[in-house]
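Just below sit the structures, each encoded as structure tokens.
Consider the two complexes below, in which subunit A is the common component and subunit B and subunit C are the respective partners.
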Partner chain A sequence: MEILVRVLRWTSLLGYACASVIYLRPLIQASGTSRWAIRLLVATFAVHTAAIAAGWVGAGWAPIGSSVDSVYFFAWLVVVVLFVVEAAAKQRTFGAFLLPVVLPLIAFSLLAGRGRALPAAVAKSHWFEVHALSAFFGYSAFAISFCAGLMYIMLARQIRGRQFGRLFVRLPSLELLDQIGYRTVSIGFPLFTLSLLTGALWANQVWGAFWRWEPKETWALVTWLLYTSYLHARFNAGWQGRRAAMLSIAGFSFSIVTFVGTSLLAKGKHSF
Partner chain B sequence: MNAGAEALAPEGAGRPTGPASRAWHWFVSIKVGLILLLIITILSFLGMLVPQGGDEAQYVEKYGQAGASLVLALGLDNAYHSWWYQVALLVLAVNITACTIWRMPRAVRTAFRRQWLEPDRIQALALKKSAVVAASPDQTASRVRDALKSGRYSVQERQSGEALLFSATRGGISRLVATIVHIGLVVTLLGGVYGGRSGWSKLVFGAPGETVASPDGTFDVRVDAFKVLTNADGSIKDYISSLTVLEGGREVLKQDVEVNKYLHHRKVNIYQSSYSALPERFASARLRVQWPDGRVSEPFDAPYGEAVEVPGSPMKATVESFAADFRIDTETRRAYSASLEPRNPAIRVNLVEGERDLGGQWVFLNRGGVHPHEGAPQVEFLAYEPLYATGLDFAHNPAVPIVWAGFALMAVGVLPMMVLMTHRRIWVAVMPDGGRARLVAGGAVNKHREIFQREFYRLMDGVESGKEEAGRGGN
Partner chain C sequence: MRILLAGVSHKTASVEIRERIAIPPRDYVETVRRLLAAPSIQEGVVLSTCNRSEFYCTAADPEDARRELLSFVEDLGRRNGHSLESCLYTKEGEEAVRHLFCVAASLDSLVVGEPQILGQVKEAYLASSEAKATGFTLDHLFQEALRVGRDVRAHTEIGAYAVSVSSVAVDLAKKIFGHLDDRSALVMGVGETSKLTLKSLTAHGIRQVFVANRTHERSVQVASEVGGTPVEFARILEVLREVDVVVSSTASPRPLIRRDDLGAVMQLRRNRPIFLIDLAVPRDVEPECGLIYNVFLYNIDDLRAVSEENLARREKEAARASEIIEREVERFLRWYRSLEVVPTIVSLRDKIESIRSEEFEKAMSKLGHLPDKDRKVIEQFGTSVVQKILHQPTVRLKGMENDERARGFIHSLRHLFRLDDEEDSKT
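Right after this comes the complex of A and B.
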């Protein structure tokens, strides 16, 4: 089963790499997003799903218990959210920005060895399940807002410089990008808040303390404060457009450090 | 800007007059809240740049003497418990509390008080529609009623001169989201401070058979057994401590404590937190004896302190002492373990043959003995099964219910955001216009304007039912 999982993971990496190239082509050359890009992405996603299912059956435990498995699962969720956003916005350009984020995540899950795992007894809690899943969904929503922010900045620069190139033709309008960025933060923020709350309840159940100021907890708090600032600035100070896009990009950068960086580099209860 | 915000001016938001009033308005402003959030973000970040909880030598090695002095003087070594971090959190908590108190009455009014707008004020809204409907005023009013109810609005109507006014509202509770989240946050912070000041926690180790006292002295706990369960691949599955709670020597409670399952007794929680191999005792050692003539016994197991027969001989071996990290005190000549780590495990074994004591000898794990007696059988120390002491965290936190309440409020407050819940309001005036009806409608929403805009036009276009359109406002 372990060999099968590895083969499926490598296949998904290859598939996403090819899909990234095909998705990026319309932004570089004069061509539309080929149907083959979508077909390839769907096929690769099926392989990705099979790899997770096989890992689940093999380990007998949801694929979020180790650093490597959780990153691979997160990449899967990002692709799920990509499908939802592309369908809702009737746009095929998000993949060009999001798949290059998915690729290093999958490469990491293949090259980082087995990764550190939580003792099974520690993870045996419903609080943990809610904590981990809501964090993954929250991060996935933030990934979309990051992409929308990035697209906004690039497109706004072209418009400001009156260089109406392929990005101008292919990307959604600035208003739509701003809305997508805001709505995904509106969905991601409550999920991320829920993750912090249930994580604290879980920690209190396991270790007798809600908060220990561990590196991961502190980074998560900083990430939460950033998105809190984003929403306050947007609701009350009218921050939209470029400034909101910059905050989205900063927020997701902190999310990645919170999720992947501190699990690998820092010592603490979350270092698994 | 919210749709229609210009027509719905804030109530009672007068300009501050005196210096105290100006200071108060400044303090409860969003600008100050944002600045405080930014300051706490930066301070939290500072704490991540410097390793926390180190000693001076570590900082000197990393930053040099001057850098280490600066780190220690500023309290960067314990940033999240430093006075400046606590002060920043306190100011934020006061700011949130003040903002909440300041804005709550208006939020409650906006959420629950129904507003009535006359046709001229409806026309002033950013999102509006007016049309002449090819139907009687009564038929048009009926269509308006049905349309708003189909959109799950709470609808009320009243007559104002010739005009029949409708006031429809939906999701007013979402106006309180920020208030609820802010209250939850303040309650959580208060709970954290109260728990930090009134609670306590202490890690206590106990070997099986030992009795340890609760740090508050209200009861004792006897460790009956401690097990470390492993998976087939050797990874840790669970740690289980079988405990008996004693009061005045009397057994009052028996319970297994494991990760995720703590024991609660007299407002004290006991958590399975850690474990450690005992440095001067073990469960059993695997030994072998070699005689001077070259004969070697079969390996055999010797539980700590028990005399066991050496296979194939009349001898008995007893392990009398163990040191996981063997050292000799040069003054007392006494052997001891220098640490908890099994860096240099050694045992003292005594051999007896019938009534004859062959003497004791210190033997190192897989490395032979210290000063073996010439001509006497030699013991080989092949392996041992450690005896573990369980690490129990005794904790008392009277603030747990407060923190739970704070969390519950925050969760209740943020979840409506996920479904993009908004406060939608629609005002409609239906007036007679010859044999037909004149419709004037307007709407306002606190966020997600474009979703509301689509719904507004869908509902009002339905009322108009594709008849002649007199004009469409908004954008």
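Right after this comes the complex of A and C.
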């Protein structure tokens, strides 16, 4: 079973790599969006789902049972959110920006070994489930807002620079990108806040302290403050457009450090 | 090949001539019926837009048909009081196919890449098809042309870049605001370009238009012309707080919108994006305004530069479109040739003959004890059955050799007997 899971995971990596190329092509060459892009993506997503299911049911790897598995699961969630956004915005360009984010996540989960499993006693708490899931959903919303921000800045550069390239033709309007960036943060932020709160409650149960200033906790707090300032700036200072886009790019960069980076670099108790 | 076309287009005739011969879509059916009344013409399609009037047909005898087609078009011209001799072109066979594919792909358009032509070709084809004027060949030809047109649009960027000042402005507005449906615009001063720009903007959804001029009477007059609301010149800054797009083309010697004023306005707008189109020379908007956050400022030179650059892009894309068209013409010709009478008869006979000899060999391998004489009888038997069966279809097909309608039968025949090898059956 373990071999099957490995094979499925590698297949999903290959699938996403090919899908990224097909998604990126219309932005680089004069070619239409291929129907194969979405077909390949859906097929790869099915493999991805199968890999998680096989790991869970067959090999007893809970999707969020270890740092490495949870990164793989997070990549899956990001693709789910990608499907939702592409359907809602009737746009096929988000994949071109999001898949290159998914790809290294999956590569990381494949190359980082088995990762550390959660001590059973720790994982049992319901706070943990809520904590982890809300964090994942929050991060995936942030991932979309990151892409929207990136697309906004690239498109705005072309409009201001009077250089209309392929991006100008392919990307959706600034208004739509700004709105998507804003809405995804509006959804991601409460989820992320919830994960901080439940995380604190859970930590209190397990370690007897709400907050211990571990690297992960600190980075999470910084990330949270960044998104708080994003919403504040939008509400009170009219920071729509480029500045908001830059904040959401910064926000997601911090999210990645919080989520993956601290597991790699620091040796805190939390480590995932 | 017996596909013919005759017509006039913007490449051969002035607008005076084109408008005289132009046929409104509601007259398509009647015109194509008159065209079909000519004795040699078997199928017909009439295509007429403001840039071209073309008549496509298939015929049994291309020489007669060409004469009939020309006199038909000349008649149309004369009826409208003009000789077409100098501007009428005719094309036949491969040339005609290529021409139609180019037309559908918008390569033959006045503005290369303009999107309306594909719909106009479709409309023309549907009208003729409803009038039962199209048959096997023109049906396939026009369906292929429509597909080629769509393919070229999908696989090249021929129509992706706007090429007139007003369409560049609309493209920009749409890239900034998305849908223009609930957006509003302010027009300051009115010239030809600004009217055109305003027209494109309202065509793309902008509802509310404010009009400001030096004199209020002029504002009122222009406002009623374009369906907008007149505002006094002194209230411009107030209006700027509300609108999304500004089109400016006054004769004012000094800028009307200054950086400081607009900065204050943007504060009040809470940085809601604004798109300023400054068509005036000297400029109406201080260039520094473009530096303000969420202000998108374009002047007439910017728009012209973009449209010229885009035109060059289209021409580059047109070369790629031609490659697609060459491939498709080749493919169409392969299909067309496969439906000739003589080769079909030959391949039908070959096919049946090979079945006969195969079955004969099989039977003989079991009847090895028979003397040669008896074998001959059996072979004779098989051959004459085949001959008898093939006799009638061969005679009938030969009788239709110059008839375009034969292609329908041939198509069925090739399909039923699987006369095409793998590659051909795909096409």
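Rule of thumb we're sticking to: the second predicted complex is superposed on the first by the 268 of 272 C-alpha atoms of A that agree within 3 Å, B and C clash if a C-alpha of one lies under 4 Å from a C-alpha of the other, contacts with A are read in each partner's own complex, and residues count from 1 in each chain.
Quick note on the criterion: a contact is a pair of C-beta atoms (placed from the backbone, for glycine too) under 8 Å apart; a residue touches a chain by one contact, two chains touch by 3 or more.
Computed from a predicted structure; not experimentally measured.
S.K.: Tell me which partner touches more residues of subunit A in the superposed arrangement, subunit B or subunit C.
M.R.: Counted on subunit A, the partner with more touching residues turns out to be B.
S.K.: Is A:I28 in contact with subunit B, with subunit C, with both, or with neither (first, second, both, neither)?
M.R.: In the superposed model, A:I28 contacts neither subunit B nor subunit C.
S.K.: Give one of first, second, both or neither to describe whether A:G238 is in contact with subunit B, with subunit C, with both, or with none.
M.R.: both
S.K.: In the overlay, answer first, second, both or neither for which of subunit B and subunit C A:M1 touches.
M.R.: neither
S.K.: A:L155 contacts which: subunit B (first), subunit C (second), both, neither?
M.R.: second
S.K.: Quick check for you: in the superposed arrangement, does A:L174 touch first (subunit B), second (subunit C), both or neither?
M.R.: Second partner only.
S.K.: Under the stated touch criterion, which partner chain does A:A46 make contact with: subunit B (first), subunit C (second), both, or neither?
M.R.: Neither partner.
S.K.: Kindly classify A:W211 by the partners it touches after superposition: subunit B alone (first), subunit C alone (second), both, or neither?
M.R.: Touch status of A:W211: first partner only.
S.K.: Taking the stated contact definition, name every residue in subunit A that is touched by subunit B in one complex and by subunit C in the other, in rising order.
M.R.: 238.
S.K.: Along subunit B, where are the residues that touch subunit A in the complex?
M.R.: These residues of subunit B touch subunit A: 1, 30-31, 33-34, 37-38, 40-41, 44-45, 47-48, 52, 80, 178, 192, 195, 201, 231, 235-239, 258-260, 262, 269, 271, 273, 393, 395, 397, 400, 403-404, 407, 410-411, 414-415, 417-418, 420, 447-448, 450.
S.K.: Note which residues of subunit A are touching subunit C in the complex, please.
M.R.: Of all residues in subunit A, those touching subunit C are 30-32, 155, 159-160, 162, 164, 166, 168-169, 171-176, 238-243.
S.K.: Can you name the residues of subunit C that touch subunit A in the complex?
M.R.: Listed in rising order, the residues are 154-157, 160-161, 172, 174-178, 269-273, 290, 293-294, 296, 298, 302, 305-306, 309-310, 317, 320.
S.K.: Show me the residue ranges of subunit A that touch subunit B in the complex, using the header's touch definition.
M.R.: Those residues of subunit A that touch subunit B are 117, 119-122, 124-125, 179, 183, 186-187, 189-191, 193-194, 197, 200-201, 204-211, 213, 215, 218-219, 221-222, 225-226, 228-229, 232-233, 235-238.
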